[in-house]
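Single-structure report; data block below.
Which chain is which? They are A, B, C and D, in the order written, and residues in each are numbered from 1.
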């Protein structure tokens, strides 16, 4: 295992120390491993709390700040945070207007956030609403599975809903918006390599030099199928086609097109992929209203990319364009 | 049940988890995210430390502390599930091991909403409870759990992250069922 | 070779297409492979032109925009641009106040920019001043070498000098400032893996699983020495110590501390490294005034990091804090 | 010299570069940045295309076009250096191959400021010029260039990116000296 870390058991704590030092505008609760806005809690503002396993940086801690999250809980690598963390985050962002939990759809995340919400309900008067993000079209969504994973739409949702909360919209409205964003977003990913969980010390799976995985998630799991390595043009097709056939993106205001790097794929390649995705969307008659290209939701040192399309309307685009000041995403201020 | 025998059970479970840490991680690598061994090892280390620091006075308090520690130290799917198992056992331990484990199992079902055959820890825990309820020994329950674990191999997962793999999840034992088989094996080795 | 690309020969052109599509605020001259500000040339403003081989994204094209570069020339992967590109860039940003060429100190870059400057001088009245960045303390700076490589300081310099040019400062002053920044910046890097040049198809060098290179540059070259893989704490020491012993950073306004990822190293690890670097600086009595952590100057898919320290004064910090609006670096607007 | 024989020389050089592309890249991988093979191959492919598209009328025009094409298609260190070599040859080709090559060599020295022994293309080109100036044959010059290339193996580089490696640059032939040896070999095979 080749990583710039100290003891694998300390990686999350060490990285949080670095984050706190690099971003004095944030407040990091090292005991509970929660990253807070330095200027929170803000009275009368709905608090946005997210979190998940570590290893996806900048998601979620890097999205804490004005116009996005109020707090993010950092679990162990690929392990959802524990309820205590979520309780601490929820109480720490409570400005009297209630708290929204943004949870990616993984059994562990859902259960731990659920237990936290139960604890908060038992202990305090803070109103908590939970929205679960499930946008990965690689997973068959049926009664007989844990449902779709939450992947790239999470980043877009945290930005858009963060802007709405910043405007002072009430909890019910913010939660509705979050559900609307989740409904309108779809993602699909590919991996050229696996990744190495520090505590495991070796790659989660082996992928021969001439093969790639299609339909992977962001936890180093193998995908739905293994295919021969293909040019970016064909890879883009394998990612875009299932998204387009799952939901109609034509008409309206166009889409926010998000090409995400999984940690070990350089920006050069992401731009190559973006060019191919854009060409496919053009052919399909889907207009790109906004785009985001970069490593925003990673999977440790996995090489690969995910594509997310979010069907946008004027309201969503306005919220997307609103100022955001976080370590991971910043514009307008 | 007295706190001493339960402590012996938990100690042995912690030992087995530590010994099988890499195996559990390898199973979770095949169909999950490669953290199950680290998760349970971290959790049970914390449990032993908590019990050591302030030994609970009775069986119920001990199980409660165990469950609470797992909930607050493990995370992931196994944290809430194993945590709930012990927390619910605490409420039924006065009746003995069998009803306690059944209550714990019901907690796991309520929390995780998995059904038998979904390729989860339920497939090891359920058969063990059934054996105990039918008057079987703890050793027989441990065997049932081990058989349940083995029976997960051919299954296609329908719960947990292994379910994302679809057909590709078949051919591997479920990590959670494997750790649950260790839990019952520890019981067989330490409880009468 | 596992890359999300099409034909290796097309990778730069394909990535520029993606960049142009993802950033409509830029203007990309695909024939000359130059990325321009969409709103340039700006009359009366000194034009800043940089460039180099591709494979370092977001550097340099991603640093084009308000408050930073006016144009960036994209060479082939790891191959400096040709004079024609630099001439096109120079002419395209000429707003009547002269043009500054920011060149990283590599023989190829220096010669190609030099030939371009000769051509511009012969063809037009545009005044061109060239500043060469040479900040890599891994390279012995003596009369008998090509001198120090230009690495991390380049990013900081382009930001700071970009802000000064945006203020309307004259060419001589802007060039002086650039030299001052170069003088005040030092860098050192490490690699855990080599990288694969697309046209070469395999890693530039082999690095055993238990070894790392210290003193690498950003072109996949081996470094000064190979050492056993070490914890981040020790790696940070191997990078920071040579910097501190090359130039005094104590006293004054502190430093801008830049921990850079080389393309395949995830942010999680960069924060771990940053925490260790910050601890070492604290011990050495060096105050961190500002920080930058992320993959801003990459080396294709190399795993590793570089550390850059820039001795800052109030003027530099004010220019650092000034608004910048580029794909790769953005704040204040 | 007539354009035909120069064209034959350049064609053969392009062929040799293409054949040795991987070898040049491997040498540049050892002590550089793994692009020398691709750089020269791209450049010479462009040269052949340019000469094909509009065949220059005389030797000087042909060499000028070759140099200009290399300058505008190659980049890196080798683009300006090989480009300058041919551009300067154009000005001296009336006197024949030997003075032309010497003029080109002077251009390379002026542009790159390397000295003999710095482990660069200078170490292959210099000896070849010396042989020609002393009245040797092109074949003898090619041999001198090859020997010069071989002599770069033990050297520690002091120019170009190989110099960053310090002592570690010793033990490998210089890529530019190697391609220059091919240039002279092509000359030996095509020029009298």
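A few notes on this one:
Keep in mind that, in the parts below, contacts are C-beta pairs under 8 Å (C-beta built on N, C-alpha and C of every residue); 3 or more make two chains touch, one makes a residue touch a chain.
Being a predicted model, the structure only gives us computed values, none of them experimental.
By the document's definition of touch, subunit A and subunit C have no common neighbour.
Listed by label, the chains that touch subunit C and also subunit D number zero.
Centroid to centroid, with C-alpha atoms defining each point, subunit A and subunit D lie 53 Å apart. Here the CA centre of subunit B is 71 Å from the CA centre of subunit D. Computed centre separation for the pair subunit A/subunit B is 30 angstrom, with centres defined by C-alpha atoms.
Residues of subunit C in contact with two or more other chains: none. For subunit B, residues touching at least two other chains: there are none.
Shown here, the protein chains touch in a chain-like sequence that does not close on itself.
Inter-chain contacts occur between A-B, A-C, C-D. Residues 53, 75-84, 106-108, 111-112, 114-115, 138-140, 144-146, 149, 197, 199-200, 204-205, 217, 219-222, 224 of subunit A are the ones touching subunit B in the complex. By the touch rule above, subunit B contacts subunit A in their complex via residues 25, 29-35, 37-39, 42, 71-81, 111-112, 158-161, 163-166, 168. Interface of subunit A with subunit C (complex): residues 2-7, 11, 14-19, 21-22, 54-55, 57-58, 62, 190, 192-193, 209, 212, 229, 231-233, 235, 263-276, 278, 288, 291, 293, 295, 298, 300-301, 303-305, 325, 330-333.
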